[in-house]
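In the two complexes that follow, chain A is the common piece, with chain B as its partner first and chain C second.
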Partner chain A sequence: MSFELIKDILLATVPLLVIFPSLFAFTTWMERKALARIQNRIGPNKTGIPCTRIGLFGLGQPAADGIKMIFKEDIVPRGADKLFHLLAPILALIPAMLILCFLPLEFPWGKFISGKVQAFMLDSAVIFFFAISGLATLAIFMAGWASRNKYSLLGGMRAVAQMVSYEIPLVLSAVIVVMMVGSLNAKEIAGAQTGFNWFVFSPWGLAAFIVFFIAALAETNRSPFDLPEAESEIIAGYFTEYSGFKFALFFLGEYIAMFAISGLAVTLFLGAGDGPFLAAAPWLSVVWFIAKIFGLIAVMIWLRGTLPRLRVDQLMAFAWKFLLPLSIVNILLAGLSHHVIDAYPGPVAKVGAWAVSLVLLYMMAWGLNNISRSTAKPREYLYAE
Partner chain B sequence: MTQEITFWVLAVIAVLGALLAVRRRNLIHGVFALMIFFAALAGLFLLLLAEFIAAVQILVYIGAVGILLLFAIMLTERVTGDDARDITSRGSFWGWAAALAVLVFLLLPTIQGADLPQTVQPINPSVKALGFKLMNPYVVTLEVLALLLTAALVGAVAAAQGGEKKKEDAGDA
Partner chain C sequence: MSILGGGIFKGMAVTLRNFIGSYFHKERLITNDYEWRSEGELPQSIGDYPKEEGEQLRDTTTVNHYSRNFPMLLHDTGEPMDTIRCVACQICERECPPQCIYIEKSTEKIENADGKPQFYPAKFDIDVSVCMSCQICVEVCPFDAIVMNSQFELSTPNRFGGLLVRRDDLLKSNDYYHKIHPQEAAARDQKMVADKAAKEAKKKAAAEKAKAAAEARAAAAEAEAKEDTE
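And then the complex of A and B:
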């Protein structure tokens, strides 16, 4: 019994522990290259195979970064809370790694070695995902508080305020998919979208996906919502006082959280492992899943290279006055259309419901955009003339 | 066997977290110790196959109540958490005595006298069943609760607005 248990645990967790950190290394390289091209630079291109002149497009850069991070001096400020300063980066990584287990990834070796291949098969996987991903906020607050640095604390406070606000549209847009499937189980949600029945291909699903993606950007502190680490305002925010491997852990945690939340977006809206040629080769579903995650990550990098950072008041106004009403109306429309299509089978009801929801959602977004624009007055200086 | 070990590990963590939460002088440390307690409790719920309750425990108690406590502490002057004041007060003896009395005369006899069933009925720990229960027999309760929360939210907004006006007046004066 114990051997079987250990085998199951290893089969379910080791792939996640191997695949996602290596994807992280590749993503840092991809991000640096893409940002460099957007800014008309070349980006890392020297680091390849050591002791040779072979550059390999700079693919050795993540390894070089990792070695540098490990050997860097670990500095703890004198006034810092030593214990919390140590715990914060660890706490930042744990929830990010944990929520990966809720993704409906089916690795193909389940056939060859009998055993379970998914870590948690919980009925309420989606709720667990949101519950545990919220814990990353605590780590950021802990880091900001333990550093005993004004800028760190400001960054931590900003992170908490931002994440608390954006969690609401994030969860409300996921509610639509849960309503449609009638289940919180990630695998059933994935199963309901096979054969290109993706939820993104419906007006309410598309709106929910866009809201979800924007809120996910804010939840993972990605640009243009990277206020907690705004260099021009608060140095580096909550990880100002971190160096060496602790900094690397924050970095890793942030990227793993990006993978996880993109994975949830893929599960909820983009059909999970669904894609062409699945009948011929079922193992392709993992490939499709990770390819879709990478597609979302690429959009995130693109946005980072394109959009300027928001102001705090714009950030809050956008969450509370635009995303929140839009997602509530979206839930209403989705429920109504679902019942109309159920009650009157046939193309007429479907086309009608789609057209009405599309028009209403567009009008709603347009109107909210007009009334929710932040009306900040010119700045009044408190301590300066 | 595995379940028993898990139970005892979680129970020890929960008790230690609760003790730390009330004994730490540093308020922020106390809040985080309280969160450890909540997390251990969520683990115990999982052990009882109540996965939805466990998720809600994490979502509400750690994600909402804990963050709210941190925010509240941030607004006080003890934000740094350095507090060397002694936490034991003069009346601590009576507190210990009352707690011990409750344990010995109330809790222990109840646990000893409880007629626990030796065989447990198999249950279907499904979220779906919970959802049907909430939407069928308890739907009125749910709606009333939602209305209450909305009222509380509107009240909070009203209170916050009033406070802001007063602050502006104070600024002018």
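And then the complex of A and C:
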């Protein structure tokens, strides 16, 4: 192994391992602050510089949480499968970290020193992304099973059912971008959207982005799809028997997965590193990329502060009866419009295709919304009044 | 036809309004900034905390009027043990779901605030570590003797004896109750007055009825006697 190769590997991976975990710490602070403000509270505001009363808006909270997590007692239930109980949080973190490598992040120093712009250039990056992120399901089920706790197992089973269901609309909405670009390479997908040619600015792209975002929420177990870790129903689900550093690893893995899936959404639909002033300062692309990730995460936090949790039957009905047919119709419409616009160049065909697909997609969504409603009725009490 | 997903956007507008509003309208912030207490010794038991408002009990009166944390025993104006409302009927002890109340009834009666001889609790202990703040004791008490306090600084370094609150530490005056929960205290006072009036009216009615019955009986007896003489 040559020195050059090691240098390349370090240059590509160390930023990912440093930037994203520190962004995770900042995001936990941001989430607590935002949720507190939504509920008219102040949120963490005491933990700032140690040994002083300088609060710094509670920015020291993530560090304090981290220290607490490390020093907390690690409790393993007596009946638990100790090996898998230990392996599950690690396995939850690895795929999340791994899929960050496929994001087309162009760190400025990469260009100057080695010419490598992305950690892991792969012609089938999108496929790999979905393949590896599916491993997180296994980790969560492993955690639920190894804990030997009925609530953990219920959480794990819910997670499997949910993630398997929502992976399909997630992939099918990503297919649209792959169709448009004709490549699975993340770099090429990013390149096809330069100059504000983002895929979200087309009817099928917008629909696919919304479906993708909803499915991404479900894939990362975020509210309103946080059934696997529903605190009020199954006591934090697969987290129940985890404490201390193992819990912190799960937490980290969950947030890194959020970053990764938001990064993929940015790559596929929001123009990756595209943005203003790129001609003057190309290094801004990494700033735009991370800013867009943060924008998506802010919306996730906002939704968490707004929406109540879905019921299990509503969750399944939404995935199979609404998102899946909508994304299949969307693929059809995207393909048709693409060929119509290709065959008849000019604004008329483009505007016509856009209008028709917009109207059709909206009607489809509206109709599906009406027929996909869960048929479960409010329970009728027989004995109680 | 409403817009698809419009409900979500409506909800998001509400949360956004709260999010932004909390930065501009201080009165929106329902929580209080908790001041660090560094001066003085740490209390060794809950009894060491100031008992009445005015003795540096800054916390209880600053929290929201709807705050409830832990029960307290009420007494009317005067010496606490002379005007204690509790008559040690032990209903709360039996109703308490986590069984955190321990009462020992007194053997002799003392005069209460109304000048009526009543039993009193010789011992009335509540375990903070067990109490779940459900307020059931307050609801079942027929004498309005136990209500919820909003004092929240209850930490002690001693987790066994320190968390057991004795009768004398539980006793608070009705004035204090008015200070921390004004609306609830006023309503309770009104209810107590009404109850008393109703009771008295009932007593009076019963007495009148008894009197009328006695009169009727006397008249009947008289008539009988008359008949006998005839």
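Side notes on the structure shown:
Here, the second predicted complex is superposed on the first by the 372 of 385 C-alpha atoms of A that agree within 3 Å, B and C clash if a C-alpha of one lies under 4 Å from a C-alpha of the other, contacts with A are read in each partner's own complex, and residues count from 1 in each chain.
The definition used in the following text is that contacts are C-beta pairs under 8 Å (C-beta built on N, C-alpha and C of every residue); 3 or more make two chains touch, one makes a residue touch a chain.
Quantities reported herein were computed from a predicted structural model and do not represent experimental measurements.
The wider contact with chain A, measured as residues touched, comes from B rather than the other of chain B and chain C. Of the two partner chains placed by the overlay, only chain B lies in contact with A:A131; chain C stays clear of it. In the superposed pair of complexes, A:W145 makes contact with chain B only, with no contact to chain C. Legend: residue contacts after superposition of the two complexes on their common chain; A:N369 is shown touching chain C, with no touch to chain B.
Of the two partner chains placed around the shared chain by superposition, chain C is the only one that A:G305 touches, whereas chain B remains out of contact. Using the contact criterion defined above for the overlaid structures, shared-chain residue A:N40 touches chain C, although it does not reach chain B. In the superposed model, A:K68 lies in contact with neither chain B nor chain C.
Contacts from chain C toward chain A in the complex involve residues 1, 4, 8, 11-12, 14-16, 18-19, 21-23, 28-31, 33, 36.
Against chain B, the residues of chain A that register as touching in their complex are 5, 81, 84, 122-124, 127-128, 130-132, 134-135, 137-138, 141-142, 145, 148, 157, 160, 164, 183-184.
Per the touch definition, chain B reaches chain A in the complex via residues 2, 28-29, 32, 35, 51-52, 54-56, 58-59, 62-63, 66-67, 70-71, 74, 80-81, 125-128. Those residues of chain A whose C-beta lies close enough to touch chain C in the complex are 34, 37-42, 53, 302-303, 305-307, 362, 365-366, 369.
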